[in-house]
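The structure under discussion appears below in the form of structure tokens.
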Amino acid sequence: MRLCRVVGPMWAAVKHPAFSGRTLLVVQPLDEQGADSGASFVAVDTAQAGTGDRVIVLVEGNGARQILRGKDLPIRSVIVGVVDAVDTDQGPVPMARGAS
Amino acid sequence: MRLCRVVGPMWAAVKHPAFSGRTLLVVQPLDEQGADSGASFVAVDTAQAGTGDRVIVLVEGNGARQILRGKDLPIRSVIVGVVDAVDTDQGPVPMARGAS
Amino acid sequence: MRLCRVVGPMWAAVKHPAFSGRTLLVVQPLDEQGADSGASFVAVDTAQAGTGDRVIVLVEGNGARQILRGKDLPIRSVIVGVVDAVDTDQGPVPMARGAS
Amino acid sequence: MRLCRVVGPMWAAVKHPAFSGRTLLVVQPLDEQGADSGASFVAVDTAQAGTGDRVIVLVEGNGARQILRGKDLPIRSVIVGVVDAVDTDQGPVPMARGAS
Amino acid sequence: MRLCRVVGPMWAAVKHPAFSGRTLLVVQPLDEQGADSGASFVAVDTAQAGTGDRVIVLVEGNGARQILRGKDLPIRSVIVGVVDAVDTDQGPVPMARGAS
């Protein structure tokens, strides 16, 4: 699981029915201070996340299929929660939308 | 899933029948602004994508087998859709072929 | 499996019941000398690890499901142990909390 | 799948019978122009590839087991084909042994 | 599979019975010339490897379970063999313990 920031929605022509009605969001991985860390990728939203939200993204096919309740879904990356804060030994880092 | 640009087709001698009749395309991962990000790789096309198209590429064996409708396919990376645009908090980024 | 340092707990709104009652910790991968190496990520704790502990983190869905004793858990990264030391050809490197 | 160059054979003492009679080759990932890109790794050959050949390497356990026709093989990386060329929007890039 | 050098054993408190009696070794990935390449990680030894040995490490859960002969093992990285040499087009590179 990675801590990510929602960059925004992606508009695309995807014919496979597994994607119909699902929101595709581009997400940017972050480090625990909220700074960008690594390459952005595309995830399916299940947490009503919006642009700028810090989120937890699960990156594994079997787990994604459990979350989305479908055995045959060709989907691997799923946003499972919206993050409020991370406690570090330098103190808490707020992660709510608009923070830092 | 990664946002990628289609670099072009690959010509290769592959004997395994799972690859017969399938188009192999070299794809370059991109960030959400459309800039190159990371190493290129080889994917099977299912979206009639052409050179220069921005595409969504699924990178997982079980998902690829669902998309290609074969239980025993030794294929992991599949192009599942052609991308039109990504909305970011700096505004929309067009992704259609020839854009940016 | 990666050697990591526990950065601290993450507070987040996750609705999926698989996460209820589980502690989410942000972990930072380390090299064998204890220096940071690569991007932090989020893991479920099963070893009562605390902030600053050096831990072994299993990163694989099937293994995580074995450790957590649930067939349908959408969880991939699990802290399985707390590390005391690593022996290298330059001598032992202590890894207990507070060391180096 | 990755485009790679065959660096050469590896000689090693491996007791597990799944490896008996198989050729282990060190391969170097390449970008679509044929330049080195990323870290070398070890693959099992199924395409009679030789040192200097550009090859397609499948990197996934389930796919490898399909190619090698064994359910219980602990092998993940398999060379599945020899590459002739890649077409790019700057024109074709020859990939045959000795090219570029 | 990756070519790695054994850094040394790791001492840790791991309660899960799958790890009892198994040797955990920290390994450093190498390129085909024997130079460090990428981040170290932790593997289970099945080849009686010692500190300084160059080894082949399998990195995949299903393969690890085959090697270790257990269906439910939460272990992903396994040392499967000790490497003697790699042949490259610049000549053979010795890999035995003590060789540069």
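Worth pointing out:
By letter and in written order, the chains are A, B, C, D and E; residue numbering begins at 1 in each of them.
The criterion applied here is as follows: contacts are C-beta pairs under 8 Å (C-beta built on N, C-alpha and C of every residue); 3 or more make two chains touch, one makes a residue touch a chain.
Given the structure is predicted, the values throughout are model-derived calculations rather than measurements.
Chains that touch both subunit B and subunit D: there are none. If you lay the C-alpha trace of subunit A over that of subunit D, the rotation comes to 145 degrees, to the nearest 5. Per-chain CA centroids place subunit B at a distance of 33 Å from subunit E.
Look at where the CA atoms of subunit A average out and do the same for subunit C: the two points lie 20 Å apart.
The set of subunit B residues that touch two or more partner chains comprises 61-62. Begin at subunit C, move on to subunit E, and keep following the contacts round; the order you get is C, E, D, B, A. Residues 1-3, 29, 31-32, 37-38, 47, 56, 58-64, 66-67, 78, 80-89 of subunit D are the ones touching subunit B in the complex.
Put simply, subunit E touches subunit C in their complex at residues 7-16, 18-19, 24, 26, 28, 39-43, 51-52, 61-62, 72-77.
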